[in-house]
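Two complexes, one shared chain (subunit A), two partners (subunit B, subunit C).
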Partner chain A sequence: MTSSVAVRRGTYVDSVRLMQVTREAGRLPGITAALVAMATPTNLELLAAMGLARPDGAGPDDLVVALEARDWEALSRAFGVIEEALARAAGPGAPGGFAQPGPPRTVRSAARRLPDANLALVSVPGQHAFTEAMDALEAGLSVMVFSDNVSLEEEVTLKEEAERRHLLVMGPDCGTAMINGVGLGFANVVRPGPVGLVAASGTGSQQVVCLLEAAGIGTSHVIGVGGRDLSEPVGARSCLRALGLLDADPATQLIVVVSKPPSPEIAAQVRDAATGCSTPTLLGFLGLGQPDLTSLAEQVVAHLGRPAPSWPRWSGEPGQQARPGALRGLFSGGSLCEEATAIAAQALGPIRSNVPLDPAWALPDDLRPDGHVMIDFGDDRLTTGRPHPMIDPTLRRERLAAEAADPTCGVVLLDVVLGHGADPDPAAWLAPAIAAARAGGGPAVVVSLCGTPGDPQGLEAQAGQLAGAGASVHLSNAEAARQAVALVRDR
Partner chain B sequence: MPITLPGAASLALLPLLEEPPRPARVLGGWPGAAHLGTASGEVVTVVGPGGLRLPNAVVVPSPWEPPAGGEVLVGGGGLAAGASWRVRVVRTWDPAPRLGPVDASRLPSRLEGLQAGLVAAGRHPWTSFPASLVAALARRDLGGAVAAAQPLLGLGPGLTPAGDDMLVGMLAAVRHLAADGDVAGAWGSEIAARAGEGTTSLSATLLRLASRGQILPQVGQVLQALATGSGLRRALHGLLAVGHSSGPEMAWGLLWGGLASVGRAGEVP
Partner chain C sequence: MTADSLLAGEPVVVTAGLDLLHDALTAQAAVTQPVAWRPPVPGCREPLAAVMADRRREPANRAALDRLLSATPHLVDVRPAGEALGLERGCFLHAGPPTTWERAPGPLRGALMGAVLLEGLAETPEEAERLLAAGSGITLEPCHHRAAVGPMAGVVSPSMWVLEVVDTTYGRRAYCPLNEGLGQVLRYGAYGPAVLDRLRWMASVLGPLLRAALRSHGPLDLRAITAQMLAMGDEGHNRNRAATSLLLRRLLHHLVLSGAPSSELAAAVDFIDGNDHFFLNVGMAASKACADAARDVPGSSLVVAMARNGTDFGIQVSGTGDRWFTGPAAVPEGLYLGSFGTEDASADIGDSTITETVGLGGFAMAAAPAIVQFVGGQVSDAISATLAMYEITLAEHPVHRLPILDFRGCPVGIDVTLVARTGILPQVNTGIAGKQAGTGQVGAGLVQPPIQAFTAALQALAEACGG
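Moving on to the complex of A and B:
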């Protein structure tokens, strides 16, 4: 039998770990007694009582390791195991330095840790977004505000501050952006290319980018500015700043502005700024009587000298017939909804909507009128306290089932937006819902499918499933709307 | 770039933290706690969110794992490790529970409940029942109680040796439950004075604070349950989950200190 006592000076080890080490040591082959404890006077007396040598100069803050073994080999092996276990227990801090602190708690402190960062993305509940965005600006960062439900006054204040600091505010309610090929928020996977977008319209810009991708034309940047940027109170502050940034970007050969039609004064300011750019600029102001997004994409294609494209469409049920009834549009993208409404209104007359083109066409609060209807489920009032419909299909799924059961509904028009951030497999819920709606003489279903072959969901796979369920599927939202109108009018 | 974190400090630390900065050494650090020892033997523990809120703790929003032996400054309103890491104390919290009036006549039955809970949980004490200590406290024999507690100081396994953990429980119980505050206070002061030489700096600090009634929240919750007669089961569950053996040892200490406080020295669980 042999024994040994060793002291590790100034060693504090977590009690739980200390107990584990003691237990591990006691179980090692050949070990008959083990004590790993603090070298308090009482514990040292305990050692002496066990017949073990009392170490010299050990104090209460030292760790004592006492082992009794059948032979030297077992003793030596056990000391090695204990040393290794104690070294592991000492923690990961590197000698001479301190471990990294946890994640930063404010945008400003994060900016201090990343001195090369120049952009912050704020995605918090709307009532807190102003504070975070202002924190970013004060830290010298441009900011993308993904959050909605930010007041107009706060938006103006943020953009004035950005102007003073020569920074850019994208948003609020900026759902999509792509900077140097990096998608932010909802973003499609596209090739790099010559077209830079300034968009006051999230899904509007996604539609243009996806159509251009189908035409073989890539994108340099998409700068979202928020749906209210070109309003009178905001004064197109971010739009004008973004135009300047894209104009200065050597990768951008053509700038495209996508927005609802602004007031004549704002439109004039934007036109003046566009004229002042050295880079050619196309203005796409959407709405009643205006060119649609597909026309805008075709203008881009023509401007770049490419052949006129034929936009992809998929149909699993050629010659789909609609039952008599009204058009019901169930959208997740606001701009796609407004575009479809404008197209349908030209052919069918007033279209009731929660984002009406004419105030007289506003829907009642229960969103259940008779006649033609277009609902934007991504509208602020329907997203408070719940995820965006591009992520959470619950409301649209319920409404699709309700429309299928409503004999006054002849055609349902839906959008499906693919890309990063969106539902990872929308066809998984939508295809069965379409099949159920179509069964037994239900309404015709037309889908506007906004995506690219590079998107994680796979454009062809999604289109195939939706068409297979009986829908008419179109890459062009305008073509989808026209198809839906045609089906209604055919009856 | 220095990182300055806001800290919430135990009121027990306030005098130390308000003094001019003085050097301290990192005694040890691991996920959840870093112990800083001053030359005078006081230990400040820095804990991250969700860490064990020792009565000598400064709670910071992100964990800190310094290497043992590092130099730190304690005082001047916070803590500082070189130019890279600082804590500024922005608020304080009280580690002493406020129990309100305790109905001594109901304590014995509640202590029986505590004993039953400990036995049912199968968490037997490392320390044996300190019969002579409990008896001395029960008969208010200060000298006897000090002599009986001495061999328990620094006794046994653990960073805070098991004997100390048990004594922390006893100190807390007699401080908060004993009808005769004079003997309890004097005994606590004696134990605190002797702890400096008899055990680890951390344990000595915790014994000193326990003698003033400043304890872990989990210990305070068991005391609260004993005082009010409700929530004992949940409170005991929380205390037993503390550390490896520290929680159970403190729980047994509470029981034995409670028995001494009500003058019942002869009941051996």
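Moving on to the complex of A and C:
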């Protein structure tokens, strides 16, 4: 066995691209471990966990290529492959003949080259997102800040600036948006239709949109505003702006606001703005003891005078039974996790979580307590220095295997979010993992599958594989949560 | 554009960050332009965020830039430096940020010795050196502190004649000494008898003749000459052949009318015609007038001076007044004369980077295919050099245009935040002086400014906005 850790100083490649390169390298013959990553603290820990030496003085601006191989030949071959893959990642832009311009390096420069641009999608690491977003506003672009880990103060500054320039800021930590059928960030493919969403909740709005699609109701636009928009300091600035935009949009006949319940003052402001709209507006302030996303979708269906739908479900193993034990929820979507936690807590009592409903229910730092647990793997603290779990399944896959082997776990509840931007084939890793968990007499598995038939992954194909592996699969997250609770209780 | 029309059609999107999200847009056939984003220069995150959040910055930069671009420099006079700059006996100006005899490199020391000899403060080079080392009765001051600029060592003493430029829009004046030609010259640190004789002739014959011609001609519009020179293959720093010809053409009639003896006239015309860089100093004074127009706008992150004293490379920024931000001056990379090589070269020196400060020189490389050997040998290299500068500048010059780029305006207005965000440093063309005092020029080439100067300026801007 031989290994090597090389550092390329000052070389930057985005984390998702590096994950692809790492995966490619890890599959090469003779390679037993591979990590191609920026030398962030998280990645250096990962390196140590792989038993490889930590390179001297490497920092977050340096690229680390770490390989362990059966022999030198395999090692050097892998280095060659990584070299090529990284060169591809660097992209075109080399001048030839009478020089072509290199790629733009800032949002302002890119906006100059695309004179019709009206929106910037910023997904750089959170600590740098403010600068690029501000640059976008100065260039006259509305901006969607996909990045998380942006400070509250920076968010307020951005939204004040947008207000002065009559622009819109979606986010920060805005995972999804859709404008005239074009999905931004994580977005499901839906038909055009009468419903326009204002969402302070990314996967919450994806859930509503997917349920409406299943009920045959299309969506005009989804305007994400970021999870903190309706907080006191931010003052619902983007929400109010979005209400105005949707109210003025001829395609939108019903506006739906999806958010956690804000403070009474903010709620009153939003309610006033909604009352002032000439377009009917439903306020979906969701949370413990409030209606869930599914009932919000049902309200929309009723409002539009359509028959009450029955939400799709897929079951490969009718009458799936759980072994005795606790409920363990492993989520990638924050709002889906919250909703499932609220539903489970009403039935089962305290649910430990990294985003707890009650501070007393906070998880220990190792995230491994006894009893019922819900983990949001998309939470800021778990995504620092690594891609979102909707893109990178590593942490959830490891945890699923651990829960399957844990005799105190009775039921595992997972969400799977389809659509643009998300994992191109989640069933490819999840179905075998479910089958393995079920085969060993392990926990029952319930999947909340958020997607549409038009999504690149295909709703039916994914549902079929997951159900075939032994999971109960639900389009409605609330129904999935209720079934998981029932399975725990039935024992 | 406001968000009011955002929902009217499909979004047209600039993406910065994850390729995956850009690819998802491409898969939906959306019109996009990805940014090749990289993290900012290390240590700049906090000050960048503070400066980006400063409400004054954007309007301040617009105001500063507007002044820089609407300044109209005219050459109006040629006068003795003593009178024009209020220079007293014993006061010597030099290039770059403030420095001392102890820190001065060979070329600056040689030039100062020559100037001391020229002013009659010493009889021999050795005596001049002792006097300068002792420092009694000697004052050293940057040219920039007197609204002046000087190429290479940039040494100006009272009896040298300087070009006087007036910006007729804002009324500021700027000065630069007359160019001495190439080879053994004071600005490269040579101080032999031939050097001093030439300077005396310039003060007694050339200066007065040019003054007469200029006064007869009236204010000479330098913006127009600069625009024409760019169309004729000059970038205004390492190539000034076209502009020198244009200047001589404009003045010839008035030189002849001056009534000077034909032998003097012929010598003056031969001197200008025989020196392809004669216009450099005129262009520098014009550049200084434009850059100074943009000074002192609170909150502005626009660079208004870049200058080197052979030890430090310094910059000044509109929003931080007269403060210099410095880093070590590098040894230029370039082409060397005769048997000279890198080991003979002094570290970067001169105020001529004022041309890059206003979007000429290295920023206008695309205008000068004749000198592409400085940037790699191919025309595409010159174009790439200019194209890269659009990434760190705030505007395209409305008058200074580049034919080979379809008459796109020169990249102008270096923004400290853009340098810190991209890590792209200003492209600087330069002459190279020998490091031994008295050697003169050894070559010409390119030099990289130190990033520290820009990060220090960013930090100061951040502190100035309470960040």
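We take it that the second predicted complex is superposed on the first by the 391 of 491 C-alpha atoms of A that agree within 3 Å, B and C clash if a C-alpha of one lies under 4 Å from a C-alpha of the other, contacts with A are read in each partner's own complex, and residues count from 1 in each chain.
FYI, a residue touches a chain if its C-beta (ideal position, glycine included) is under 8 Å from a C-beta of that chain, and two chains touch if they have at least 3 such contacts.
Values in this document were obtained by computation on a predicted structure and should not be read as measured data.
Asks: Pick one for A:His420: touches subunit B only (first), subunit C only (second), both, or neither.
Replies: second
Asks: Output check: A:Leu35 vs subunit B and subunit C. Expected answer is one of first, second, both, neither. What do you get?
Replies: In the superposition, A:Leu35 contacts subunit B only.
Asks: Does subunit B (first) or subunit C (second) touch A:Asp61, or do both, or does neither?
Replies: After superposing on A, A:Asp61 lies in contact with both subunit B and subunit C.
Asks: Classify the contacts of A:Asn43 with the two partner chains as first (subunit B alone), second (subunit C alone), both, or neither.
Replies: It touches subunit B, and subunit C stays clear.
Asks: Considering only the touch criterion stated at the top, classify A:Arg113 as touching first (subunit B), second (subunit C), both, or neither.
Replies: Both partners.
Asks: Based on the superposed arrangement, let me know which partner A:Arg191 touches: subunit B (first), subunit C (second), both, or neither?
Replies: neither
Asks: Considering only the touch criterion stated at the top, classify A:Arg381 as touching first (subunit B), second (subunit C), both, or neither.
Replies: Neither partner.
Asks: Examine A:Arg17 and indicate which partner it touches, taking first as subunit B and second as subunit C; both and neither are also allowed.
Replies: A:Arg17 sits against subunit B and subunit C alike.
Asks: Quick one: subunit B or subunit C, who's touching more of subunit A?
Replies: Partner with more touched residues of subunit A: C.
Asks: Check whether A:Val182 is in contact with subunit B, with subunit C, with both or with neither, and answer first, second, both or neither.
Replies: In the superposed model, A:Val182 contacts subunit C only, not subunit B.
Asks: Could you list which residues of subunit A make contact with subunit B in one structure and with subunit C in the other?
Replies: 12, 14-17, 60-61, 89, 91, 93, 95-99, 101-103, 105, 109, 112-113
Asks: Can you list the residues on subunit A that touch subunit B in the complex?
Replies: Within the complex, subunit A touches subunit B at residues 10-20, 22, 35-38, 40-43, 46, 60-61, 89-99, 101-103, 105, 109, 112-113.
Asks: What residues on subunit B touch subunit A, complex-wise?
Replies: Where subunit B meets subunit A, its residues are 1, 3, 5, 25, 27-33, 35, 37, 48, 61-70, 81-82, 84-85, 151-161, 163, 197-204, 243-246.
Asks: Which subunit C residues qualify as touching subunit A in the complex?
Replies: Result: residues 1-7, 9-22, 24-25, 27-28, 30-40, 42, 45, 48-49, 52-53, 58, 379-381, 383-384, 387-388, 390-391, 404, 417-418, 421-422, 424 of subunit C touch subunit A.
Asks: If we count contacts the way the header does, which residues on subunit A are in touch with subunit C in the complex?
Replies: For subunit A paired with subunit C, touching residues are 12, 14-17, 59-61, 89, 91, 93, 95-99, 101-107, 109-114, 116-125, 127-128, 130-132, 134-136, 138-142, 146-147, 154, 157, 162, 165-168, 179-185, 187, 220-221, 241, 245-246, 248-249, 251, 387, 391, 420-421, 456.
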